[in-house]
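Handing you this structure, nothing more for now.
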Amino acid sequence: MASSSLSRGLLGYRVNAVGLVASAVILFWLFIALFGGQFTPYPPGEIVDFDYFGPMSGQYWLGTDYLGRDMLSRILMGARYTVGISVAAVLISCFLGVVLGMMAAVIGGWLDTCLSRFLDALNSIPSKLFGLVVVAGIGSSIPVLIGVLAVIYTPGAYRFARALAVNISTMDFVTVARARGERTPYLITQEVLPNILGPVLTDMGLRFVFIVLLLSGLSFLGLGVQPPNADWGSLVRENIGGLSFGAPAVIMPSIAIATLTIAVNLLIDNLPVRIRDRSE
Amino acid sequence: RATAALAQTPVSGGHLKAAGWSASTADTLDPAKASLSTDYTRCCAYYNRLTFMKEDGSIEMELADSIESGDAAVWTVKLKSGVTFHDGKTLEAEDVVFSLQRHLDPAVGSKVNSIAKQFKEIKALDPQTVQITLESPNADLPTILAMHHFMIIANGTTDFSTANGTGAFVSEVFEPGVRSIGKRNENYFKPQKAHLDSFEYFAIPDDSARVNALLSGDIQFAASIKPQSVRLVESQPDFVLSITTGGNYTNLNARMDLAPGDKAGFVEGMKYLMNRELIQKSALRGLAEIANDQPVPPMSPFHNAELKPREFDPERAKSLFEKAGLLGQPIPVVASEAAASSLDMAMIFQQAGAEIGMRFDIQRVPSDGYWSNYWLKAPVHFGNINPRPTPDILFSLLYASDAPWNESQYKSEKFDRMLVEARGELDTARRKEIYDEMQVMVSNEAGTGIPVYISNVDAHAGKVKGLLPNPLGGQMGYAMAEYLWLEA
Amino acid sequence: MASFVEIRDLKLGAVTDSGRDIDIIKGVSFDIAEGEIVALIGESGSGKTTIAMTLMGHCRPGCYVQSGAVVVDGKDMVQLSERQRAAMRGTEVAYVPQSAAAAFNPCKRLLDQVVEVARIHKLMPMDQARAKAVELFRALALPDPETIGQRYPHQVSGGQLQRLSAAMALIGGPKLVIFDEPTTALDVTTQIEVLRAFKSVMTAGGMAGVYVSHDLAVVAQIADRIVVLRGGEVQEVGTTQQILHDAQHPYTRELLAAFHPVPHAAVAPAPQAAPVPALEVVGVTAGYGPVDASGVPHKLALRDVGCALEKGRNLGVIGESGSGKSTLARAIAGLLPPSSGSILLGGKVLAGDARQRSKDELRRLQIVFQLADTALNPARPVGDILGRPLSFYHGMKGAAREARIVELLDMVRLPAAMRHRLPGELSGGQKQRVNLARALAANPEVILCDEITSALDTVVAAAVIELLKELQRELDLSYVFISHDLSTVQAICDEVMVMFAGEKVEHLPADRIHGGAQHAYSRLLFASVPKLDTGWLDGLSRDPEFSAALARR
Amino acid sequence: MNPQVVSLVLGRLGVAVITLVIVSFIVFAATEMLPGDIAQILLGQAATPEAVAGLREAMHLNDPAILRFLRWLGGLLQGDLGKSYANNMPVADLIGGRLANTLKLAAVTSMFAVPVALFLGITTAMYRGSLYDRAVNTLVVGVISVPEFMIATLAVLVFAVWLHWLPALSFTGDTTTLMGLLKAYAMPVITLSFVISAQMIRMTRAAVVETLKMPYAEMTLLKGASKPRIVLRHALPNAIGPIVNAVALSLSYLLGGVIIVETVFNYPGIAKLMVDAVSTRDLPLIQTCAMIFCLGYLILITIADVIAIVSNPRLRK
């Protein structure tokens, strides 16, 4: 019947060790994404070694890839794309999905029916077909890539958020707010959202992982990141042949992906909590 | 590490599972429509051609007993006797007429319609003799007839859900995009029948999956593996690599009727900026021969050995680009998985450009639709050309002013004239002379940069024997089924 | 005499999210003998529920036992392992929760849930358990005892559910039963039936009991001894007679005194000054479920109800559970648009649907929901909950808003530190007061109060009533006061209306409810109000006229 | 079953049908927007313009799109899926065997993954906050962070190439023994399970944790019930709605999303068929495949919705 806690306070927030480590990892990758380009020992497209799938060495810290390019430089450059695109796409898709889902649940009626049918229909279109049509229709660039990812992942976020919000929106406290005359924006942000935030964030964490991985699939369609740069998923994919030699070229980007995605999910599970009663 | 086939006596029997690299529901048993390597391999197993090109590039008779002509315009084909189709019907001249004539029918959708156009008239003189009259003389006809599309099918065939041919195997199972199984044809007309009891062929498009399937023993033959997988196969004791360098190449094309290819100097600069050695060593892991921007491969008797490949000379390229007023301007270069190794080549090219202040923006595009949407269309793009048996076919397909696949929109009246002249020339020495000059013209004038000829590497289990390299491509020019045997 | 339960120097604490400990129970000790019923009474938030829970060896999330012993039948619940405690629960000690509606799994049949204790502890064959359950249903005066178990929780009324949860606690034949305010949700007539049933079953089984309540009259009927708690400490322990008639501790006296509230001295009506009623309800019909072609809902909960409320005066609404009291409040507030009839605020017709009312109309008419549990957003601290109407209606910000929040909390007798708590960390009565404070924050003209004192002890309830009266004097407010507690209604209302099955059956001045009632049901209702007298309940059973009326209902 | 449930279920089905019609329109429009002239692609580069025009005419490609849509929809309704452009075989024949393969793989995977995922989701909810819970959660995220093709390739390398325990290819055309079948399916099933389980585990856990916070769960604890009993008998029946939704969404991936697994194990399923069809611009085939995916998805979420409705006794009466 006792409870203990490893946590400690920080600027009015309670954080725990796991959350701290996770945020450190995320900050590290964010830093690399922003400034990593400055530290690349070689241009990411230059073939520096006639050998391929080279081991880690003093000269090539993370070995070389299938063409003999420096892996460290490629990972440093790839961070920009992986982190940037995934973060943007996950934020857009979750924002859209969650906001629309909550609106559908709170407003209900025709809006709910139409939105649900439309997004269900969208969700059932195979993403490859969708990607191809988009490339053909509006061409390829990083914003288009982000848009495609967002469109692919919005219906899922919507369905999930709506299911949660429907339960909340029938609760008395929402009725109280309605009786007070509150408008939909307040209802969804202040009354519904705080009560579904936990599962929604969990869902967002998973979605982030899926998006990081889908990136490499879409680059096959020519969407987005153009050579010589590549996102981490594509780095794993283009060097997959090195797996049988245990080449760092395939293992290192995998580790980069894993550290980033696990850190994001751990941080979501261990978010800092605002300490409500301070001095009193 | 090419394999020299040891002089061993072939053993009969066994079931061979072999995997190619491309498959789709468009898989077909109709030789006219065959367009993928898997189609070729299947057609070779089930059908025969009139002639066959051997590993040294010489022509051997297959269904034909002889092919002769006095003026290279009217050809008489005598057929072997006693050849039967799988359904029991005997091979007659009418079958040959039907098989060749159908390429001219647009409804068939033949892939070699443009080559077949030179057949002015095809008629049966008697059940064993066919006469082919050409629009204009062409000394290469026996070689042309060795192309995979000119397989002989039974007169009147329209249903290709199974294959009724004369080949060494009888089609048992055919599921497009999935697999096919053929059983040995016990009535095969050649004295040496197929060695294998049965031959199963399917495609594993994923390169590492194909290699892994071979290494795990699921298949005994993996066609065309990527250079990067070579090391893995080499490290295993029981597997053998078979390397053939045919005329397959991936080239960088600049259309000379569009910017920037229309600016004098761009094309030449582009050729000087291609680091052929690096492409050969890094992108292709040495499994390639350096080429000199023209399509006739070294193993062809008509190859111009005098024509040396251009040196990698960035400085010279720089001054050429500068003269063209293009230095520093962004130039999009379209590449795709669809054209083998083109992305790697593009990157090497881009990097070389970056060092002299040229900005090449690589546009990676989907392999779906690449050939219809980007190839031949984009101002600067990559292409990938499969081996063709004769310089005539190569030039008329790719460089003649009216060539359907004129990748750089190269136009030269002189070239066109020489092409016709060489075609009708029965004197081989004179032909070689003309072709030599044409190769120089293409190398210097056309907007196609051909850095290397890419070798084809087939990998197979050590107990698979009988494989010989062939200029028409890997898998013995796709005709391996008939010749392979399994060590007991 | 060896006691069945011995609580020794029990101390409980909770950890706040800054890691600070707060003491909730500060060294409580008392005993319960075998077969004895002990009542826990005291201030709202004094730790009654918390102590009752420890008898089960259970703490709410966030709370923990600091020290002390809770010995039940020779075993210290604090020291036992979770498995040993599980073995005790249901067989030795059983619990009847405060809110029966919340305690039943909505998707399982009632009978299965009732006999589950027997199944868990393998007490008897299932057939026998079912038979025993039916027997209990009969003993607890449930209708259709044979078949009621086949229903789902939402298919029975609140009063029935409360009895079913008692059956659930009693089926394992426990030696100690804990009742946590088991009758607060019931109207007085139902309450009588339930109390009787409890008493007879417990006497028959020789069970000991802990009865948590703030209703002294109810406690008087059922308890042998009373423990008076305040601020986590025992103030006084004594037999029921002793406490009721000869209380020593000043706090106990305070509680007792507050039980008899000062009857409401109606503010002298000024008919000439205010010709327009503050609120008028005209022929309202409303209900739930799908509406048919003529716009009438499938299930009618209000039929042609009308009433008027003069400015500065109060209307009490009483009636049986399920008679439509809350529905009336919802219809007035615009949450359940009536299918016919109209609602006038200050003489102006309001739209049926709250969404079509103006912000000012909404501000002037506030509703306090009956179920404080669900009416407070569990994810937002109390300060935010109270602050929102302040900024929404009055545009208050920053320090002014903060000051007003503290002021509001103080008005409902809550400490300022409460504003950082989440609703889940409040006791039942504390939630109810936050709920009221939120309505006050809007500075309304009319407040619809739905059972706002049901979970409050007499002292705090009296204070809240006093507050309402004071506000009324200052600001000329009007209240619609829904309650089943007649003494409270009497304490504040000028007029009383009685509802029965969705209809208004009686409307009379508050001072005439005894004697003035015409309708048979109202008379029964008024007669059912328990008296602060230990023999009242037993006396009733001997009154044939009353029993007959109760049975006829 | 009471009429209310029947009408609710019928309503759901009606909604599914309407969605299907919307979807068919979107699919048709999307395939129309794919670049490249079909006749041109079919005839190859060397085709003459006249031949292309003739083929377009023969294939009714010159008709207005809406007419072709209606014709196609009409065909679909009569069970006529049309003929493949690429090799003139009836689409139904091309798809038949492949669809069976995909369904087989999906069935085996769900039979394996769903129980495991539910077990993990429920047990982590039961012991939430424990070391076990944290370990499983981190592991789950870790596993899905590894690209699918990497898991698949690694599995092949280890189990097929190095250990020779399992075949590298999963084409089961000529395996007849049960053991052979198990071996052939082992790696694709495990790879797919890794991919689809994460969402089911995390969402099951979230749903069960939510219901465990309900007062009746606490009440059951006070009846002396063990943790497993509280979770299985009380929390789970109430959490079934969100759980079946998560399961349905995950399983819908098994129809169209398995392209990587089909590629690496060379399993002839419908996802690869669709990719092939896209590259050959075989419109009837693309449209049929896309419709199959949509239909599968809609069937799954409709089943989930119906289960959610039926499991709620307020509607079951």
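Worth pointing out:
We just call them A, B, C and D in the order they show up, numbering each chain from 1.
The rule is simple: a contact is a pair of C-beta atoms (placed from the backbone, for glycine too) under 8 Å apart; a residue touches a chain by one contact, two chains touch by 3 or more.
The structure displayed is predicted, hence computed values, not measured ones.
Annotation: A-C is the more contact-rich of the chain pairs C-D and A-C, by number of C-beta pairs in contact. Mean C-alpha position of subunit C lies 50 Å from that of subunit D.
A separation of 48 Å divides the Cα centre of subunit A from that of subunit C. Rounded to whole angstrom units, the spacing between the C-alpha centres of subunit A and subunit D is 23. Chain geometry summary: the mean Cα position of subunit A and that of subunit B are 45 Å apart. Among the residues of subunit B, those touching two or more other chains are numbered 208, 367-369, 373.
Annotation for subunit C: no residues touch two or more other chains.
Touching of two or more other chains is recorded for residues 34-35, 153, 157, 161, 278 of subunit D.
Inter-chain contacts occur between A-B, A-C, A-D, B-D, C-D. If you check the complex, the residues on subunit D that touch subunit A are 15, 18-19, 22-23, 26-27, 30-31, 33-35, 137-138, 141-142, 144-150, 153-154, 157, 161, 198-199, 202-203, 206, 210, 241-242, 245, 249, 252, 256, 259-260, 274-275, 278, 286, 289-290, 293-294, 297-298, 301. Interface residues of subunit D facing subunit C in the complex, by the touch rule stated above, are 214-216, 218-226, 229, 233-234, 237-238, 311-314, 317. Subunit D makes touch with subunit B in their complex at residues 34-37, 40-48, 50-51, 54-55, 84, 86-87, 89, 94, 97-98, 153, 156-157, 160-161, 164, 167-169, 171, 173, 263-266, 268, 272-273, 276-282, 285. Residue ranges on subunit B touching subunit D, taken from their complex, read 19, 23-28, 35, 106-107, 109, 111-114, 161, 175-179, 202, 204-206, 208-209, 212-213, 215-219, 367-369, 371-373, 376, 404-405.
Across the complex, subunit C is touched by residues 1-3, 5, 7, 9, 14, 171-173, 175-182, 190-191, 194-195, 197, 273, 275-278, 280 of subunit A.
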